[in-house]
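Below, chain A partners chain B and then partners chain C, in two separate complexes.
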Partner chain A sequence: MHLSGLVCHQLGFARPGRKPVLDMLQARFAPGQATLISAPTGTGKSTLLHLLGGLLRPTSGEVWADGQPVSRWPAPHRDRWRRQVGMVFQHLNLVPDLSVMENVLLPCIPTASSYTALIQRAGALLKQLDLPAAGRESLQTLSGGERQRVAIVRALITRPRFLLMDEPTSFQDDDGTASLLILLAEAAADDACVVVCSHDVRLRDETRLFGQKLRLHPSRLEPDP
Partner chain B sequence: MTWHPTALAIWLLDITAWLIYIGAAWRLLRILPNWQPLSLDARQLWCERALELTRYQGRWVVLLLAAAFVLLLIGISNLWPSLVPGAMCGTGVLQAMGAPGARTLLYRALTLGMLYIWLVVVQIDGCRPEGWLSLLQARLLLMASPLMVLGTWSLAQALPALTTEVPVSCCAVLYDQVGGQGWVTAWTTDLLSSRAWFWSCMAASGAMTTWGGLQGWCGRIGKGVLAISSGLLLLWLVAALNGLKFGIAPYVYEVLGHPCPWCFFLTAHHAVGFVFYGLMAAVTCEALAGLVAVSVGRHYPVLSQDARQRSQRAGRHVMWSSLLFWASTAAPVVVWRMRFGGWID
Partner chain C sequence: MTEMPHAMSQATHRKFWSPALASWAARDLMRQPAFTLVLFVALAAVTALAALVLLLQQTLATASTRLLEQAPHVVVRRVGAGGWLPLDAKAARTRAVSVVGVLRPRARMWGVVSGPQGAVTLMAVDGRDDINLPSGCSLPQPGQALAGPGVSGDERPDHISLNGSVSRELTVIGRLPRSAGSVVHDLVVAHAEDVRALLGLGPGQASDLALDVFHPDEAGALLPELAAALDWPVQITTRQEQLGRHLAHISRATGMACLGIGPLLLAILSVVVAVGIWGRRNWETGVLRAVGWTGADMLRLHLYRGLLVGLPAMAIGTLTAHLLLFWPGMTWVPQLLFGWSGPPPGFYLSSTGSAGAWLLSMVMVGVPFMAAVFWTGWRAAGADPGDILEGGR
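And then the complex of A and B:
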């Protein structure tokens, strides 16, 4: 399976003793394209993103990334591959005791990038999302929307090949959403594979960015009209 | 049964290792018949997850058993002689333990050797994500079980003997027999003199250092490498063990004709046994690692590059360990020569 981007092949996931959340799912998320996945809550959107990002292991089937069956790799290899993934979690998962900049730079620890270049990029991204570029503030002092924007910058800081976002606009006003869409368009233009899970109507109504809009059912992803 | 704290600690480590090992073995026994790497079904993916878990479990087992082995050595050499009437070092303790004592050491050393081979296979396999050596790993880990059973069983037989009231003849009686009456003395004098054993040990260690250096530099994985490495390892083991007992011991103990391998561990002799035997264990383990890497590289061409790298690393480790062994064993002789200007023979 030598397809670029992310490919779900007969993907299934079930928690022990529970009904499968996903079953025999087939899908492809091409690089350079943004995909929007929507579904009612509890359908398995977050689970799908966690499977795509290598945080969960499927109980059947595979996730292929750029022609490699990454979901079946042992943890050390999967962890190394995950450095190419940028992820915005539904519950943000920021470290409350660190400052904004420290949170943003966390994914850069395993990379050998220049500190100055990272600070510059982080500052530019923070500014683009209407946050102070120095990032010295404590997370405790930020509102919910601002924290979500910090999480978005953290996902983008490493220029990830695979960008996965779970409800990234749930705390955003219209301006915040518009800024995010610009960043997503830039990432897709940079040949990243962008997958957004959301049931936000503003994203579903967006016509230019998302090349693919899908609706998730436990055993299939079908085009969302 | 002795309730000495060291014995209890060994039992605790053993029981913990066993519990972890049983968990791993249970999984491995379910993995082996169901392993189908081309399948995508839930059973195969469970096998892959379970195999990954057994790798962590196996590492804990190695760590716990190695700790138990070191404690056993410390117990036999330094702590338990006070429990056995007449014992002054490990020789007396092993005499009290009888055959199970020696068997315990042998089986446990073999278990650790087998688990080290498993560890090297896991390391080489871990270089690539495809898991080419998954089944080999599973089988190797399971193959350690008979040795583990024997090691634990002989320990259970050996430890109760420590509470004996019957005095033993320790090394002073065993080895200090004058005039070639004892078998050890006879063997020493008949085969090689003390100085000849010393030089054999030095020469073999030098050869091992050179070979390790060569392997570390070029890391070839040809058939000849296997033969030369195994042959050299065997020769070096014989030369080093006998060199220690007959060639180096007189200079450490400062007395001729006392080839006791256990007195090296006594604090009166600065516990040099831990250095000597520790370095011997390091050389042996890394030489084994080199052999395993060469073998894997020959049988799995897809892993030959990774096997070659591991073989080179093993070569470098062998070189440094045998160099240290060479230096540390030569040191007492050099010091003696500098102090008194002569040989002990």
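And then the complex of A and C:
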């Protein structure tokens, strides 16, 4: 399967003893394109993103990334591939006792040779999302929306090839949402493969950014008009 | 979007050492300052205990070996049913020298008598003895003595009262230097006349006969001939036998100390368990793995953290043990170990033996500690990030 971007091939996932969350899913998320996946709560959006990001292994089918069957790879290989993924989690998964800047730089620590360029980039991204560029604040002093923006900057800091976001605007006002859409457009323009799962109507109404809008059902992804 | 060096392109070939990851490991330790401090102190203490036992064994073995190197090749004692007996010095010398291969037979007067704070070793010298006295000391005359650093008078430090066959009060005219080794610690050197009286020796009698032989390694071969040459039943001890006996005694003592190491091993175990708990931050492991840390990165983080705490802690532990034994004026350890009431003898360092003891103590503590660190890191490396994030919160 020599398609660039992310491809779901007959993808399925079921927890032991339960009925499948996803089943026989077929989809392609092309590079340079932003995709919006919407669905009611509990239909498996987060699970799909975790499968696409290599955090979970499918129980059937495969995930292909740039022509490689990454879901079949052993854990060490998937680990290395995951460095190309930037992910915003629904529950943010920020480390509460670290500062904003430390949270943002977390993905870069194992591979960084110098922090200077990274701190500059982090500062610019934080500023773009209306957060103090120095990032010295403790996470505990931030509001829910600000924390979510920190999580977004953390996902973008490595300029990921695959950008996966789970409800990234759930705590954002209209200005915050607009800033995020600009960043997503820049990432797509940088040839990243952008997948956003959300049931936020502001995103569903956005016509310019999302080249593909899908609606998730347990066994299919169908175009969302 | 702001340009930056692409993180992924830097990550392809990496060495074990990463300054960024090491500085993060240090920062990570500072997030749990109390736990890090406890771990540091526990490791340093365990290392110090292990090093103390090993260094003590090493220094005692070295002291014994050095001491016996100065000792005569063979010592002959007259024995009877009740124990040792005085021997006729002149007759013993004459008969011993008749044995081919025997050199320099010396009749010695020495023994153990009761001193001010306990038993002391009493040794006689007179003008005929070939003895190297410390600078500034002269040969004691009758009523005078040279005393080791562990011997002093109860009321007046320069007067010691000794009790043997008779009681004598001797004036201390000089001190045997601490640097002469632990052998002089409880030694009193007095004039032959006083020693003879205190030990109950008659005129012309000696405690034993010391002699050298032409081939020290073959001293054992001369023993039957030597025993036959003397008129009385004798006990003959070679230097090799004495050395073996000393080393066996030290090994026994160290073995007992090793039994005392039981608590030490428990402490090591506690440290190991503590390390396990220390590294068990599952949810955070899941987050790090989810944002792009590989299993190898997690393992390196744990190893860095272990090394950052372990290396300085073990260095300080071995240094502490060294200071406790060898620092001048640090006296409570030997006092505790040997029950000396006076100032204890100094211990002296043998560089090769001490290096081995340090190394061994660091290995004894460092290997289980780093194994625990590795095991914790290995678990973090092998964990599935999706499962951790979903189950660990």
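Quick note on the criterion: the second predicted complex is superposed on the first by the 222 of 225 C-alpha atoms of A that agree within 3 Å, B and C clash if a C-alpha of one lies under 4 Å from a C-alpha of the other, contacts with A are read in each partner's own complex, and residues count from 1 in each chain.
The criterion applied here is as follows: a contact is a pair of C-beta atoms (placed from the backbone, for glycine too) under 8 Å apart; a residue touches a chain by one contact, two chains touch by 3 or more.
In this text the structure is predicted, and so the values were computed from the model without any measurement.
S.K.: Is chain A touched at more residues by chain B or by chain C?
M.R.: It is C that touches the greater number of chain A residues.
S.K.: Does chain B (first) or chain C (second) touch A:85, or do both, or does neither?
M.R.: Touch partner of A:85: chain C, not chain B.
S.K.: Does chain B (first) or chain C (second) touch A:10, or do both, or does neither?
M.R.: In the superposition, A:10 contacts chain B only.
S.K.: According to the stated criteria, A:109 is in contact with first (chain B), second (chain C), both, or neither; which is it?
M.R.: A:109: touches chain C, not chain B.
S.K.: Can A:201 be said to touch chain B (first), chain C (second), both, or neither?
M.R.: neither
S.K.: Touching A:190, do we find chain B (first), chain C (second), both, or neither?
M.R.: In the superposition, A:190 contacts chain C only.
S.K.: Is A:76 contacted by the first partner chain B, the second partner chain C, both or neither?
M.R.: In the superposition, A:76 contacts both chain B and chain C.
S.K.: Of the residues on chain A, which ones does chain B touch that chain C also touches?
M.R.: The answer is residues 57, 75-76 of chain A.
S.K.: Quick check: in the complex, which residue numbers of chain A touch chain B?
M.R.: Contact set of chain A toward chain B: 9-10, 12, 14, 57-62, 68, 70, 72-78.
S.K.: Using the touch definition up top, name the residues of chain C that touch chain A in the complex.
M.R.: My answer: residues 1-2, 4-8, 10-11, 14, 18, 20-21, 24, 27, 31, 284, 286-297, 300, 382, 384-387, 389, 393.
S.K.: Enumerate the contact residues on chain B facing chain A in the complex.
M.R.: The contact residues of chain B facing chain A are 40-42, 45-46, 48-49, 52, 55, 126, 128-129, 131.
S.K.: Under the stated contact criterion, what part of chain A meets chain C in this complex?
M.R.: Of all residues in chain A, those touching chain C are 50, 53, 55-57, 75-76, 79-80, 82-85, 87, 89, 91, 93-95, 97-98, 102, 106-115, 117-118, 120-121, 124-125, 154, 157-159, 161, 183, 186-187, 189-190.
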